[in-house]
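You will see chain A twice below: alongside chain B first, and alongside chain C after that.
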Partner chain A sequence: MSTAPSFRAIFEDRTTRDTLLAAVPATLAVALGVIPLCLLLIESFRPLVTTTNYLDVTKGIYVAVITQSLFVGVLLTVVCLAIAYPVTYWLANRCPARYRLPVLALLTLPLWLNYVVLNYTWVWLLAPDGVLNVALEWAGVVSKPLALLGRPFELPGVGLTVPSLSLLAGFIHIYLPYLLLTMYVSMERLDYRLVEAARDLGAGDFRVFRDVIVPETAAGAVAGLLIVYARIAGAYATPRILGSESNPMVAELITTQFYDVLDYPFASALSMSFLAIVVVGFAVGARVDNVQSELKRW
Partner chain B sequence: MSELSLSAQVRSGFFQATTVVTFLFLYLPVVTIVYLSFSPGSQPSIPLGGISLKWYAGVLADARFVRGLATSAIIAIIAATVGTALGLLAARTITRSHLPRWVRSLFALAIAVPLFVPTVVLALGIGVTAGTVGIGFGFLPVVLGHLFWVLPFSTFLLTARYAELDDALEEAARDLGASGWTVFTTVTLPLLGPALVASVLFTFALSFNEFLITFFLAGSGVTTMPLELFGKVRVSATSFLNAASSIVLLISAAVALTGTYLRTPT
Partner chain C sequence: MTETGDDADRDDTILEARTLRKAFSDTIAVDDVSVSIKRGEFFSLVGPSGCGKTTTLRMLAGLTTPTDGTVHIDGVEITDRPARERDTHLVFQDLVLFPHMSVADNVGYGLARQGVPADERDHRVSALLETVNLDGQGDRRPTELSGGQRQRVALARGLAPEPSVLLLDEPLSSLDRKLRQEMQAELRRVQRDIGTTFLYVTHDQDAAMSMSDRVAVMANGRIIESGAPESLYDQPKTAFVADFLGDANILAGTVTAVTDEAVTVAVGTGRIRAEPGGRSPAVDTRVVVMVRPEAVELGGGPLSATVYASEFKGFYDRYTVALGNDETSMVTVRTDANERFTVGDSVKMSLTNATLVAPGDGTTTATESSEPTVASGVRAGDDADDHDRNDDCARSQLGERAARIRDE
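Let's turn to the complex of A and B:
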């Protein structure tokens, strides 16, 4: 009881109060975010201080896996952006105003659903006896079921692989809603009068798109790209469920090192190398003023 | 003139068509899984030979799945309520506190770490930390991991709402002699009310469906619903799993749509 008044007195001071209130969430963020990242950095130079782990990353399949993961991330983000542009343009400019928010809510609802389940649904769509094959056979388009699951396509000469249809579909299903959300915000801010003015001056569809819509929305698109490509490149569950064993992604390697091989130092070096690439991407993107302010909105 | 309106029609049709195709793409798989969950046989064939609810009964009678569902729900309730309370403190710090600007920026950056750092890197970091520092694996580490994961969402949702609030209202209450606590409970909290409820619902959905951090922190003692599903999905595709998936989708969608409805300004 005797401490109560003094505690209250301390709390009266504005700066002390603000600091104490900030300390609770800050502790959580530091203890589970900042400290683990620092520990990973230290761990990656173990045992003692050695660069062996990083040298190991540059050997064997690891560079190829990281490159392939980044390729998948960029490829799919570009595909998602290509879909998000016309959809959000329609939503922001053509859709009747009272349907706008409900439609946006439905387009972004998958963000809140379980992505393990969402990935799993594609097995039923694309399997040999799945919906798509049954429909195609029924319509007489094919006589034998197509192998739609787990068949990646290797690009000759460059060492990169276009993932299987199932993995592409699974990734788009999960990450397209992110880009629909960010692109909608950009499209909504686009002054539609600019589009009309360009049309009045005789610009065709392509020129309107290239000279008006792209410049006005580029910052939002780049910010979305930076966030989403890194998430796809670092995804674990989706390639496990829909990908092929022969083409692992970087998160699968990290998880294996942690779970099965129990090689924490190497797993840390692998993670830090991946993180470094992602951070460099952000650093380059954030040098552009508009992109930086877009990133802050995330 | 007619040529112009034709091209405008084509253009309009193109935008509408991509939207419709996108809708089909996002929802056809979901509709499929729900449809197949009503199969009478354990391996559904298309079209279904009949309609049966027996797999739903089977899921709800399955001890492992029910336990996973209950564990996930308990963790999600803790993560949602505590995460929203912490988010409120964080949002207040970012928008209203008198700490120096650079402190507040650094604070916001630390909170935002899960949004920018790839989840697998964070999950490994937290897993390695739990293993080396000795917090260990299990229920409490998973709860802490989820709190950390939902904190940026509650914080930035509430920051946006805080920024819209007219701080003259709080000022007025203070001028009329209300203490800091009274201002908070009688002015600020009621104004933030809908945003707080939305935050609880959204963070519930996030935590309820979180997979990767849990995967690194659960150890052998705790099995949440997404872990349970992930284990099964990789082995077999059955009517049981379709019914279980449908239940999970239904819960998540109901929670998220309620949150969306509340967040939408009326």
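Let's turn to the complex of A and C:
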């Protein structure tokens, strides 16, 4: 009886109420995010305290895998941006207004599907007995199935590998919608009269793109890039399903160390190193004011 | 007429639009507009919002493709050339300066696209910034400037590549009244100094009349009348133009006598002597007479009137009087503040400089349908000129007024 009004009194104080309300998500964040991360950090220095695990990470083959993963991340992001620019420009400025939302919904439909399912659609399409090969053979274009899955292309001299067609397709399919969304928001806010003003003053298509569209939408593009590149670089399922075993990405490597080699300290060190690289990249990009305000939309 | 027009005349004409038409899916925004603008002229296209003036300007700039008609610059047809290949530049209503470029880069953008080398460009940009009183501001961003300064940058950006014609789409409409008047004087000065032909689009008839060499009044996608501001104001041919270019008393009456240089019209209980204004009405026909408020004098004259309302306007008083007692023939009058009349007074009144005008915008006669002609332009405007929708009500008032005149 006597506690009820005092509870109410406590809850009526704004600061206390805010603290109580914030406590639940804060606890969850700490329990599910910060504590595991700390445990991982401690694990990476085991047996306590040693830096051997981190020294191992700097070995050639591991550095190569991390570099390759970041390369795939950047490459795919650039490819996605190259697709997203014309598509969102068309959508925001040229597409009749009543079709805009339906088209945007269609383009971002992959976001609503499980990405493992999306990956397997590409297996189904590109496998030796997949839809594409069957069709090509039936039409007489090829006499034996093309190897479209897991055939990467090594760039001579730089030690980097362009992923296979299937892996590219899978990544684009999954991550392009994120960039389409961020870029569409920027494109929609682009004042089309700036484009007209530039044309009026004699600018051709390339100049309009360079002088107006890129500067006006750069913040959105960078925000999209930051969101997508780390997810691609750290992807696990897609390279597993659509990539090649000879060319693992960093997440596959970490998984192998955890589950097959059972070298937890080294796997932790690998994870922390990759996380550090990604965080540094993100921090550099997010320092720009405009990019920050774009990221807050997410 | 295209090939046989005499050379002197053609040399004088820098921009010529012939029978321009623009139809959108369900409306006609511009209908049969022909204008011919002389080299070095300050020409204004003025009309209520949504009359199609912005669409006309965009067709001249090459940003909107005309449905029909041609555009010639300096005798060369450019109808199908895109904006970037035209020797015209547009100063946009909201200026649209490039926000990520410095003032100097904005002004020099057109020059850079023409391939003018960097040092010559810098030289010309700084000279131009001086002309528009922005010397030393070249390194700043447009966002750091005041509204008036941004106007000057937009003007300089359009002028820098030395276009044959500078097209201006109500660039002053966002400024407050005082600054706008300053900028009008400034625009006129720059235009005289540089000698570039200006085509200025506005709904502000005062601005158009004070700055321009010639004015064309548009409504419903058509040019109703054009000419020097003074002659349009003093001798309009239509009630619409009379009303649009200032306060106008539009009175309907019946012709009682016709002589060579004057027509006598019975309005209410009085008789008004009016100039025929190029019209030759027969006795006993219905006509419309226009009298400017400043041409009406109270306190003496052959007409008798009753004061219905008075308004204090500072350096003058404005009265609304009825001819005789007839409430259908109200007249507004301006008098010096030292002559005072009281509501209800019967006064003597004289009218001078009355002129006959066509009712409405001159496209229908008084005997035709009473549907307002002006209002039919409303739909066109909503689709076409998306930035000047704001005074729909002014337009519908004009429409009502035009309709009322015909009904009487």
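Methods note: the second predicted complex is superposed on the first by the 292 of 298 C-alpha atoms of A that agree within 3 Å, B and C clash if a C-alpha of one lies under 4 Å from a C-alpha of the other, contacts with A are read in each partner's own complex, and residues count from 1 in each chain.
As a working rule, a contact is a pair of C-beta atoms (placed from the backbone, for glycine too) under 8 Å apart; a residue touches a chain by one contact, two chains touch by 3 or more.
The shown structure was predicted, so the numbers you read here are calculated from the model rather than taken from an experiment.
In the superposition on chain A, the chain among chain B and chain C reaching more residues of chain A is B.
Shared-chain residue A:Ala237: touches chain B; no touch with chain C. Judged by the touch definition given at the top, the superposed model places A:Pro215 against chain C, while chain B stays out of reach.
Contact with chain B, but none with chain C, is seen for A:Pro177 once the two complexes are overlaid on the shared chain.
In the superposed model, A:Leu118 lies in contact with chain B only, and not with chain C. In the overlay built on the shared chain, the residue A:Tyr62 is in contact with neither chain B nor chain C. In the superposed pair of complexes, A:Glu43 makes contact with chain B only, with no contact to chain C. No residue of chain A is contacted both by chain B in one complex and by chain C in the other.
Against chain B, the residues of chain A that register as touching in their complex are 14-15, 17-19, 21-22, 24-26, 28-37, 39-40, 43, 83, 86-87, 89-91, 94, 101, 103, 105-107, 109-125, 127, 129-131, 134, 169, 172-173, 176-177, 180, 205, 227, 230-231, 233-237, 240-241, 250-251, 254-255, 258, 264, 267-268, 271-272, 274-275, 278, 282, 298.
Chain C meets chain A in the complex at residues 61-63, 82-86, 88-90, 92, 94, 96, 98-101, 109-110, 113-114, 157, 161. Considering their complex, residues 7, 11-12, 14-16, 18-19, 22-23, 25-26, 28-30, 32-33, 36, 45-46, 86-87, 89-90, 92-93, 97-99, 107, 110-122, 124-129, 131-133, 144-145, 147-148, 151, 155, 180, 202, 205-206, 208-209, 211-212, 215-216, 226, 229-230, 233-234, 237, 241-242, 245, 248-249, 252-253, 255-257, 259-260, 264 of chain B touch chain A. Within the complex formed with chain C, the chain A residues making contact are 191, 193-194, 196-204, 207, 211-212, 215-216.
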